[in-house]
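Chain nomenclature is as follows: A, B, C and D, assigned in order of appearance, with residue numbering initiated at 1 for each chain independently.
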């Protein structure tokens, strides 16, 4: 009984998650699909091929991936020391730290974007990739810090003490022990950072000021145009890199699965 | 040395997080502030008072809070059984389940919104609060399930077996043991759900179709108008409920802090 | 209060080739404390799960006072559990933890307060009602867990290695406390452990478990001094076996036809002089353990472990000695 | 290889009123194994942290072979640690775990492979190079952790309760293994434990710690049979003290002027007949513990614990008996 409940719950969950994807595919590869037809009548790949042969599409994807990678690396570098303090140490004001950490998730991207835009215009970062990357770090950091600090909370420093007593230098300990022990959480944190940056629309638009074009921006302007096939095609392209990143993540996690289980 | 590094890192972090907030406050309560003045010259509360006396502002806030509360409750109810399976059970396809779980965070809200809009128009949910709430659950669910399942992964079912042997019914066990043990994570999951729903712009716009007005939508239309003071004021109003929710969360967590430490 | 009959239980977990319990039968008298002693994987914990109803047996029956409990819901069976960890609810204080069982069964606040007070006196910790479990020592937590289990007046108390995470001295104290409380209340009890000393000190009868089967069941004294089988003897700490006719030492029985004699390590004597039933050996190790010295002596390629009570003669490593197996301490096993 | 001198160490943690170590001095000979025995909070683990350099002392010095190590980086001190948990790196196999210390110190792959092989033979687990720590039993993990610590040829080996999470039989085996390996390699060792039997079985000398101070330091045999002070005697399991002149039983010394005599529980005799040095008492408890029976006898409101070796006379609960303190086993403490 319990098992059946669990299975059907999961089935419903998967359906909710996959249904929109199928809808996109249907729109992307069909010409005319009107109410009340339950399924598309004519299938075609013309819109799809036109969209992926458009140089704007490909360059926007490349730029988006490049930005997402930079954001992932930078936010991990910032998050690691902060997460270590949050996860391992007891200190007064720890609650306040958490509160402040989540501020960026509640300030709407719009508000952050406009505030930053004013600031970046003054210091010459507006319209640059550097500016967009810095802006993306703001919504990214809370999630990376949160993920890593919950891993640090379960991390046992005695592993580091062992390595120290065996003669490893602090830098060797960091590379050969700490990073290795944290790998599963680092992978998940990278995933979060990549996904948040990749799907960022408003911050890119506001800080990029029309000079930095990523796929979400193309998608939005296509949405104003209103051709469902183009929108659906761009949406499918939009989903491709994240799916690959998630697939990679899932593989890494399953490789590390045994290690995690041994560790905790 | 280590301690000083940690402190200065945190100081930098806090500055990054708080700076935009201060900028809003400066804009909201000043009249004219142009480059290259380092600080506003004239201060006023007129724009602020006008904005909060506008009935549209207040009703949009009320609607946003109502929606966020409904979303939190529903996504917790959906997430609890799913998270329990993910956290406590070993099953094949667990990695696939995680992958699918994160799909909604990568499909851009725009794409989800348009797909859902077509669907909801057909079944009559477009333009209703119910429709908006259901749409908000899609980006919310991954975070709530993720938070709760990592808590379930550390949950020891023997607490439930103890209660069972002592004569508690399954329902009593759920209410008096499971929920109580999970309280800290439930609070964090609620926080995530509330914040994600509250700051949702695109999904609300697309599904609400102009009939459901929340603060982010007002904020966006104000942004097109371009009056910095109004934008800044609305931004501050936007931040108020989340700050209260986070403050409540921080308090709950610190109350439960001892219990968490005992537990794990 | 309750006699327990376990009849021909069988249990195999899915995806496991070997059954965890094989035709397992055991009768427990009213108010008796039975110790189940066995290595991990011998089926001890599975048995407890079947009794509480967390798992269901493949076949067989469990009866309390002659009537089957298999069709009764787990929360109505009246079999309470105590684990190695206390599993005190961290969000409740001591009073609410102990009162939990009464509360979910609908007792009044007054009754609960009275009963909690009575239990706290019984476990020797009066006045700690308001404390949280984190403020208690490991031993105190286990006492409170015992009180929480017993306050519901259970038919059967199941103890699953309740002391194995405690320090030696606390453990000794709690052994006495649990034994005294159990006898005072007269509650039928199954005590699972892998510690021989604990099983002997606590139980009225001991059941030795191996691979889901009982290999011996008797009073501790009988099992300790005269185990009937080779397996049981090994369980009870005997490591020296002799084949009877030639009196040669061996660690294992090799043929089933010959008679095997066993001797406890504390009865073997190490000495310089030859005598009846003695063999030549070389001291390979000698460890001071307080009340006795443990010698390891190599006799014909077999290591004999002997415990000599203090004051004992000291033989250095490598010394040639005589290992003496006094006739009166040799017993036959099969 | 190394003599260790610990000189007048003081350490107080911030926010704690009481010092953890008070003017703590200890000299350890080359190749010696010293056991530090004490309850939790007595400063044992802090001492290890000061030696490895994880913490710094407030004052005092630690010297290896006569030269201070306080100014040496923690990773250059040559003091290796082994904890209660193995802390084997879960992402490395056994070979890479054992070779870790050599690798970070820049040894060649060949050297590492050879040394790992040598260590695996030493710990009695040859051929398990490719296994992961999760595939090893608790005892095997601790053996590998020992190999990992010893392969770097350390000046000092620090063992922080390395056996307390293991089952009794595995524990006994590992006690022998560690002691033999330590003697074979002749590495100076500090062994921290709260288990008296373990400390006695393993060490050349034992230091009894209480509240950051050494209350006694001697060979295990001497401490066990003739502890000089009341505190040391209690550490060693003595619970019966008599004030000398009137021969009255007491659990505590009350006045400092009178002479106090102590006696080990296994030397007290319970019998029916009166004799010299005997007192009247009532049996309050009697527990069968295999090789002996533990009696608790109430004598003048004081509970005397006696261990009678088997075969022992059986006295039921409530029986009036004579408690006999043989003259030759009484010793004075102060």
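By definition in this document, contacts are C-beta pairs under 8 Å (C-beta built on N, C-alpha and C of every residue); 3 or more make two chains touch, one makes a residue touch a chain.
The model shown is predicted, which means the values in this text are computed figures rather than measured ones.
Asker: Enumerate, in label order, the chains that touch chain B and chain C alike.
Answerer: Shared contacts of chain B and chain C: no chain.
Asker: Hey, how far is the Cα centre of chain A from the one of chain C, in Å?
Answerer: So the centroids are 54 Å from each other.
Asker: CA centre of chain C versus CA centre of chain D: separation in Å?
Answerer: That pair's centroid distance is 26 Å.
Asker: Please work out the Cα centroid separation of chain A and chain B, and write it as a whole number of Å.
Answerer: Centre-to-centre distance between chain A and chain B: 17 Å.
Asker: Averaged over CA atoms, how far is the centre of chain B from the centre of chain D? Could you give it in whole Å?
Answerer: The mean C-alpha positions of chain B and chain D differ by 54 Å.
Asker: Two or more other chains in contact with one residue: find those residues in chain D.
Answerer: Not one residue of chain D touches more than one other chain, so the list is empty.
Asker: For chain B, what residues touch not just one other chain but two or more?
Answerer: none
Asker: Draw the chains as dots and join the ones that touch; what shape do you get: line, ring, star, complete or other?
Answerer: ring
Asker: Every pair of chains that touch: which are they?
Answerer: Pairs satisfying the touch definition: A-B, A-D, B-C, C-D.
Asker: Quick one: which bits of chain C touch chain B in the complex? Just the residue numbers, please.
Answerer: 52-54, 74-76, 79-81, 83, 85, 87, 89-91, 100-101, 104-105, 132-134, 148-149, 152, 158
Asker: Enumerate the contact residues on chain D facing chain C in the complex.
Answerer: Chain D reaches chain C through residues 167-168, 175-176, 179-180, 194-197, 200-201, 220-221, 224-225, 237, 266, 285, 287-291, 307, 309-310.
Asker: Residues of chain B touching chain C in their complex?
Answerer: So the residues of chain B in touch with chain C come to 156, 158-159, 161-169, 172, 176-177, 180-181, 183, 256, 258-259, 261-263.
Asker: Name, in rising order, each residue of chain A that touches chain B in their complex.
Answerer: Touching chain B: residues 5-6, 9-10, 13-14, 16-21, 23-24, 35, 78, 81-82, 85, 89, 95-112, 114-116, 118-119, 122, 138, 141, 150, 191, 195-196, 198-199, 201-202, 216, 219-220, 223, 228, 231, 235, 238-239, 242-243, 246-247, 249-251, 253-254 of chain A.
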